[in-house]
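Read through the structures below before going on.
Look for subunit A in each of the two complexes below; its partner is subunit B in the first and subunit C in the second.
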Partner chain A sequence: MFSQQIVNGILLGSMYALLAISYTLVLGVLNMLNLAQGEILTAGALVACAILSAGGSMPAALFASVLVCIALSLLVEFFCLRLPRGDTQVVTTIAMGMILQNVYTGLWGSESIKFRGLSSGFAIRISTLEFNATQILLLAITAALMIALSLLIDRSRFGREMRALSDNRTAARVSGVNIGRVTVLTFALSGLIAGISGVMAGMVFTSVTAFTGGTIGDKAMVAMVIGGTGSAFGAGIAGIILGIVEILSVGYLGAEYREIVVFPLLILFLWLRPSGIFGKGRVERA
Partner chain B sequence: MKKLLSVVMASCIALSLCACAASPAAPTAAPAETESGYKLGVAIPLSGMGSSAAKMELVGITMAVNEINEAGGIGGKKLSFETVDTSGDPKEASNALRKLASENVLAVVGPHYTGEAEVCYPIGDELGLVEIALACSMPGLSDGYQYGFRNIATEDQIAEKVLKKWVEDYDIKTVAIISDVKAAVAKSIGEDILPGMFADLGVEVLTLQSPVTYQTGDVDFSAQITKVKALEPDGIALGSLAGDALNIIAKAREQGLKQPFVGTAPLLEGVLDKKGGEDTQGTYAGSAFCLTPESEKAQKFIEDYRALAPTMYAEVSSDPLHYCANAYDAVYMIAEAIEKQGVSGAAADVKTDRDLIRDYLAGLKDFDGVNSKGFDENHSGIKDIYVLKIEGDQWVVVE
Partner chain C sequence: MNVYYTGLFVTFLINVLCALSVYVILKSGQISVGNAGFMAVGGYVAGILSTVYGLGIPASVAAGSAAAALCGAVVGIPALRLKGTYLVIGTISFTAMIRSIAQVLDITGGAMGLKGMKRIGILWIVIFAVLVIALLFLFEKTRYGLDVEAVAADSEAAAAAGVRVILIKVLSFTLGAAIAGIAGGCYAHWTQYIEPSDFSTSVSTMMVLPVILGGRNRIAGAVLGAAVFTILPELLRFASVWRMVIYGVLVIAIVIVKPDGLISGRKRHA
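After this line comes the complex of A and B, so read on.
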């Protein structure tokens, strides 16, 4: 049972990792905190679910989910981060998250909606462990995104512009970085990841509700902090560690102890290594 | 100009989003206030996790108030109601109760959840205001309160009948219990009611030493199902709400578990029958309401609900659940109390009127409702219990 629980943890952690990567793009790179990201994922999951329920294909559902999430992500960027004056991002994105959640319950109700996943019987067996097609896809997508985004941030011109913006906004502008373009593209990218994550969440959890993204979002935020803000690789690894810790605490201690184990882990990391596992160590102690 | 345009655009989008969220919640009937009528309060979670059930309750309340007014009101006076959203949050529910009390309502239909009622019952006693809760089925909840009522059968009454039938039908010798540790009623079912009742039936509970638990709204149940799978029980019992139950059963089927599931009334709150597909076939639960009743009154209620509900809320189930019937009957019980006790409805008499309603309800044992007969000595609903099983896409009566 222990090895199966480890596998369960890796799979759950992969979900946290996907969302944590989209969080870390916006916070770590643009220094902006988008707390509506979980609700954006929910939109993707619900839209995909509706298309699949109406008989649509999985590629169509994925395309629609990504499109909706990019649109919402850009909406958040404009109305919650660019438009308001002063440091109000946290409050405005929380408000946007609440509005979105109410829209979802108005349109889809508050009950669980069954998500029609992949019907393939394909599976890989290793001893007593079995990975089905959905689980293999989730692991592959998480790994691919971790590597691709790490390369994008560290090696590409766009990544250099993102990092320049994160380090010093004024200096980046003077150096010719188009701040507006980089910001919009980063939000679009985080929307794209949320769209993919939404479909994966539906497939992995087998159902979605208006609250799915909010539940995953809290843990993804913890994973991002533990991994080190701005590091896609760190967010991914931390998400998987968090998933394993959570599954083992639920499996062997009970669900009532889950938060007692997970959140002290966050505090411990913040105390021992405030910049996270793969952070750049820019945090200064008072 | 650019800033002005941005602000206008922001306002338009915010308003359209809010309108989109709010429009389905607007009841289509009954004015909030009347000059010389009787006013009730309604405190239910129209937003948040319980909103689907609460919207059904509001359909039931609207149906009852419309019917009463179309038949000439109570002694010629119209009945109206004012609704306050509790969001399923005990703090919001207590605020809603105080707000309604200050609006001089005669009695309150609601709250919905056990957690809300735990906070609201003491406040109702303090204010001298009757509340008829609708989905609070935890045993002992209303014991000892003067003004706190609940028009629902308790979970132990339901579980007693359901478990006996389920154990017989599936020849269950061993069982694993999966229990919510957050929602008060689900926790009470999973931790207090099910283990004792299975013991009485001679069924071994395999999860007694190492309980399998989760928290309301969890999205991943793989750890719990892996643990249950290793125990190899004959059946699986749920102390859970319907939304979580759907996810648990789906995850169990995905991991290859074929055992039958059983739960009590909360399983009926959602759409386990409509959305569970093959996964939930054969699942047992219990309720004080069914869709194939013998009484003409209940048949008419179902017919009228199916006509009205889609015009109020497109997203709620087209078939009523027991919550809707509980709410419908609660309005009629209060209306009967107003009529029989000669309640004046005047603002100056509100305290006396509230007490008259309380006194009548406390002695009500022979009410002729859709699924209600009145209240027992602990102010819990007196109901007939049906054992239900999912067949196809609906709950059917098996006993």
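After this line comes the complex of A and C, so read on.
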């Protein structure tokens, strides 16, 4: 019972982890908090859902979800970051989130829509634990993405440019980093991750609503802070911890206690260790 | 006045209070996306005090406001020392936390909500709104108002000039939370029923947008924004959910075209 809950927690948490990584990419590199990120994920989930319901295959659904999320991510970059002058991203991304959410309610209504996941009887048993095909797939995708993203950020030329930009914008520019290109690519990457997380959300919850992304988004932000802003690895670990905490709260306290531990945990971190578990203690003070 | 216009007028006043609660915090160069949380604290504390303990309406609303102010300090103090992003995330989480606490406690009625509050007279809501506006006008004329503008313009320069930056930021934040608490108390006693989902994150974000639309540098801007925010959905009633889409597009367009909002003029100090 307990170990099965841990497994469920890890599954839920891997979704928070992925979205937290996409938050931390944009925030760490561009110093921008994209409050529409959760709503972008919702678009991916809804589109994937529609394709699956129409009899489309899972890869097709995943592809469409990623495509839509990248497009929306670039839309946010253009209308919320590039066009407005000054420090208004919080407001413009809030407005964009509101626009997206109401577009979904307009098109799909606010009822929850069934998500047709994988229907294979395949399962692995390890003593009393049972993993079905969906769960194995989700864990594999999360692990692969976390490793790939860490490598991308730490080893690749693009990653070096992203880190240069995050350290010092001016210095990066004079060293020949194409800031516009890195910005657009970072947003595209965060859209890609949101698209994958959207399909994962559908699989984990087995249904999607216009509000799915908002709820996941809030927790992903918490995971990002607890993990240490700017650290993809930290965001991943913290996301999984949050998932486990949430499932255990439901299991041992009751369903209405789902969120009662998660958010106070963040307030506690803000008081005691604002740089997060894996942060380098390099939190900008006001 | 018939019932429809009375309701619209009260909604307008509560929206004004909400907008001002965001305005006060914005004025000091910070942003809170958790004012629905402070509103919830004000609403629940006022509602419980008046239903369970039989406190009169103005006193219970004032007590709710004080409780919200206290929460403002608890959330604000750690986050204020950090850059704005943490404040945004901290305030969003605070709102979620308050919602989940209201969801499990018996005294708040859990998911069933809190009911049985006596109806607040419109006069009281008018008095609260006028009082808050008058106080803010007074504040802006004092030393505090100048300090706040200095902190917002350049907090390091302000600190160098002897302004106690942290104190000013905490004060502004606490004041904003207190105003949101009044809005919550009035709301709870006007609708006579509140439930946790009344105070969602999207309610918080809806409180920020009018201020940006109307103009974040002037009290009049916040009031105008609240008026637009109250009337526009009524005018666009035919558009059902799409009206919020129109509203969102309007806000982004304003930010791009007129970054200071509809009423822009920064006040000048000779």
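Going forward, the second predicted complex is superposed on the first by the 278 of 286 C-alpha atoms of A that agree within 3 Å, B and C clash if a C-alpha of one lies under 4 Å from a C-alpha of the other, contacts with A are read in each partner's own complex, and residues count from 1 in each chain.
The criterion applied here is as follows: a contact is a pair of C-beta atoms (placed from the backbone, for glycine too) under 8 Å apart; a residue touches a chain by one contact, two chains touch by 3 or more.
Computed from a predicted model, the values in this text were never measured in an experiment.
Once the two complexes are overlaid through subunit A, subunit B and subunit C clash, as defined at the top of the document. In the superposition on chain A, A:Ala201 makes contact with subunit B only, not with subunit C.
Of the two partner chains, subunit B is the only one touched by A:Trp108; subunit C is not. In the superposition on chain A, A:Leu11 makes contact with subunit B only, while subunit C stays out of contact range. Look at A:Gly251: by the touch rule set out above, it reaches subunit B but stays clear of subunit C.
Once the two complexes are overlaid on the shared chain, A:Thr88 sits against subunit C while remaining clear of subunit B.
Contacts of A:Thr209 after superposition on the shared chain: subunit B is touched, whereas subunit C is not. Shared-chain residue A:Arg157: touches no atom of subunit B or subunit C.
In the superposition on chain A, contact of A:Arg125 is made with neither subunit B nor subunit C. Legend: residue contacts after superposition of the two complexes on their common chain; A:Met1 is shown touching subunit B, with no touch to subunit C. Put simply, of the subunit C stretches 42-50, 132-140, 204-212 or 240-248, the part that bumps into subunit B is 240-248.
The interface of subunit A with subunit B overlaps its interface with subunit C at residues 79, 83, 99, 102-103, 105-106, 256, 258.
Residue ranges of subunit A in contact with subunit C, taken from their complex: 27, 31, 33, 35, 79-80, 83-86, 88, 90-92, 94-99, 101-103, 105-106, 214, 218, 221-222, 224-225, 229, 256-260, 262-264, 266-267, 270-271, 274, 283-286. Contact residues on subunit C toward subunit A in their complex (touch as defined above): 31, 33, 74-75, 78-86, 88-90, 92-94, 96-97, 99-101, 103-104, 110-111, 155, 169, 201-202, 205-206, 208-209, 212, 240-242, 244-245, 247-249, 251-252, 255-256, 259. Partner subunit A is touched in their complex by these residues of subunit B: 6-7, 10, 13-14, 17-18, 20-25, 47-52, 181, 211, 213-215, 217-220, 222-224, 226-227, 230, 242-244, 246-247, 250-251, 254, 270-271, 275-277, 315-316.
On the subunit A side of its complex with subunit B, the touching residues are 1, 4-5, 8-9, 11-12, 15, 75, 79, 83, 99-100, 102-103, 105-114, 132, 201, 204-207, 209, 211-212, 215-216, 246-248, 250-251, 254-256, 258.
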